[in-house]
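Take a look at the following structure, please.
In order of appearance the chains are A, B and C, and numbering begins at 1 in each one.
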Amino acid sequence: MRTYSLEILEKYRRIPTTTISDALDRLNIIGVITGLKPIIDDVKIVGPAFTIKEIHRKTNTSEFRVTEALNQAEPGSIMVFDVGGYTEASTWGGLASLSAKIKGIEGVVVNGAVRDINEIRKIKFPVFARAITPITGKSRIATVSINTQIEINNVRISPGDLIVGDGNGIVVIPYEKVLEVLKIAMEIEEKEEKVRILVMSGKPIIEAERELGTKI
Amino acid sequence: MRTYSLEILEKYRRIPTTTISDALDRLNIIGVITGLKPIIDDVKIVGPAFTIKEIHRKTNTSEFRVTEALNQAEPGSIMVFDVGGYTEASTWGGLASLSAKIKGIEGVVVNGAVRDINEIRKIKFPVFARAITPITGKSRIATVSINTQIEINNVRISPGDLIVGDGNGIVVIPYEKVLEVLKIAMEIEEKEEKVRILVMSGKPIIEAERELGTKI
Amino acid sequence: MRTYSLEILEKYRRIPTTTISDALDRLNIIGVITGLKPIIDDVKIVGPAFTIKEIHRKTNTSEFRVTEALNQAEPGSIMVFDVGGYTEASTWGGLASLSAKIKGIEGVVVNGAVRDINEIRKIKFPVFARAITPITGKSRIATVSINTQIEINNVRISPGDLIVGDGNGIVVIPYEKVLEVLKIAMEIEEKEEKVRILVMSGKPIIEAERELGTKI
């Protein structure tokens, strides 16, 4: 599995997805997934993607291979399920969250639906999803590939790409761009911190922008 | 009114709608309503349905018969309003919630919109709705029948059917299936509890599934 | 700028948008904007509108004039951005919120998207928006006019119109109707308070309605 140093992960952990999105913009990288909401508030996840492609179809239970995927995913990784935005049945729930948390999975991102939100909230496991439904994915959702490239809302996600998620959304940083994006994001953060200090001192933000030659 | 023993109600109260949905699946019963959100978090309602059918049309105030319906509904019941998913005006609000709470109504489910959410939150009355709007239903919504069969998202609801609602969604159990569904749901819960114990002990969930011959 | 006396503002502050909506109904005024959600719960804003019209188009950064608008807006006013419901990029964020809060802006309403919700929540600045996204509006959104009449969901908003917002939604009271609407809204509130007292005393709400000759 592609991994990242603790130092890189911790630096990313302190940067909001908004700033990472701005850094991706500068490099013309399409990397923002919107419309997925965290089940618990004030959540932050950072880690390499472990990807799962699923489709909705009448199927049998054995094709719903969520626990097989969980068994393969490494501690620290973020499981990213693409169910094509299908929200009529759930692909992830409370027991899987419990097992994932114990295993050290960083979080789960579902372009689809999840269930058992009380249990997920109780154990505070970070799950992002498009919707919530009580209906199981068994016999309704088939897992078609594990740890291969997927695509959600025009954003391509390869296994090992860095995923960062918070209340604003999910961003995907291609593996080979992780250092470059981090450098730009930290520069943006630094500049914004300077704006913040001027604003806190009572300066109108438009003047702070002019003084620092930036634009928020 | 069709009623249920306290024992049955309390057993259902301890079972998440996700498990009830799984039990309905086994009996091929279509009984899950999605897309309605609770106004207050961590809510659980269990009780027989008292159904109200409404439609949106230019009408006069006298046809908006919400308080008449509330007057007829029995303590312990769940008032289920079908407004056909119309969300441009509200069918339920704060004063009705206050009166319903005092009367002992278990909760309200609206396939439409509600208002006065601060008041609803303050008195902690369980209301599920598709949307929130300040606009009144008076002169915009007509009550067309009280306590007759309705249908929301392909789920048929007869007066007295058992309604269970929580953060995951709303499930409808036909009156004549209430004991059978309960039995299956309790078996599923028991099996899941066994999985939970194995997972808590550190066993990968896929192995717990194999050991117990189940699939989450 | 059109202003309102503190007395008028404080009276409006105690009235829910639901009641104001009812008062607007009586005068046949279209004044309710729905679908915009507050970033922080239990929020209430009251103040004259400072309007900004924006459109989504490929543009350059200099056309994104949010801080210029903020510089012009008066303390106590509510900045209302119409981005035509476009939610793929954000028009307002954390630094602007911080600056607006320090300046004494009452709140921000966006028919579009915002970002930096953690920061917005931390400083408790009232922001209402249609969606949340990490993506910046720079180069994606152009400011086309500042403090001219705009229209959101068929509701016309002129600079200085009174805006009131809470968890139920946003209402717009035309400048010249502010006293008339207030008078009607206070009468409705008074009547509802009488209903509330009867209901609290145990009277069925339908009887309270009859006794008081009103309809909730």
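Details
As a convention for this text, contacts are C-beta pairs under 8 Å (C-beta built on N, C-alpha and C of every residue); 3 or more make two chains touch, one makes a residue touch a chain.
Note that the coordinates shown come from a computational prediction; the quantities given were computed from them, not determined experimentally.
Arrangement of the chains shown, judged by which pairs touch: all-to-all, with no pair of chains left without contact.
Under half of the residue numbers at the interface between copies chain A and chain B are found on both sides, making the touching surfaces mostly different. Work out the mean CA point of chain A and of chain B, and you get 32 Å between them. Residue numbers of chain B whose C-beta contacts span two or more other chains: none are found. Remark: chain A residues 61, 64, 66-68, 70-71, 87-88, 90, 93-96, 98-99, 102-103, 115-119, 131-136, 138-139 touch chain B in the complex. Considering their complex, residues 16-18, 20-22, 25, 32, 34, 42, 166-169, 171, 192, 195-196, 199-200, 202, 204-206, 208-209, 215-216 of chain A touch chain C.
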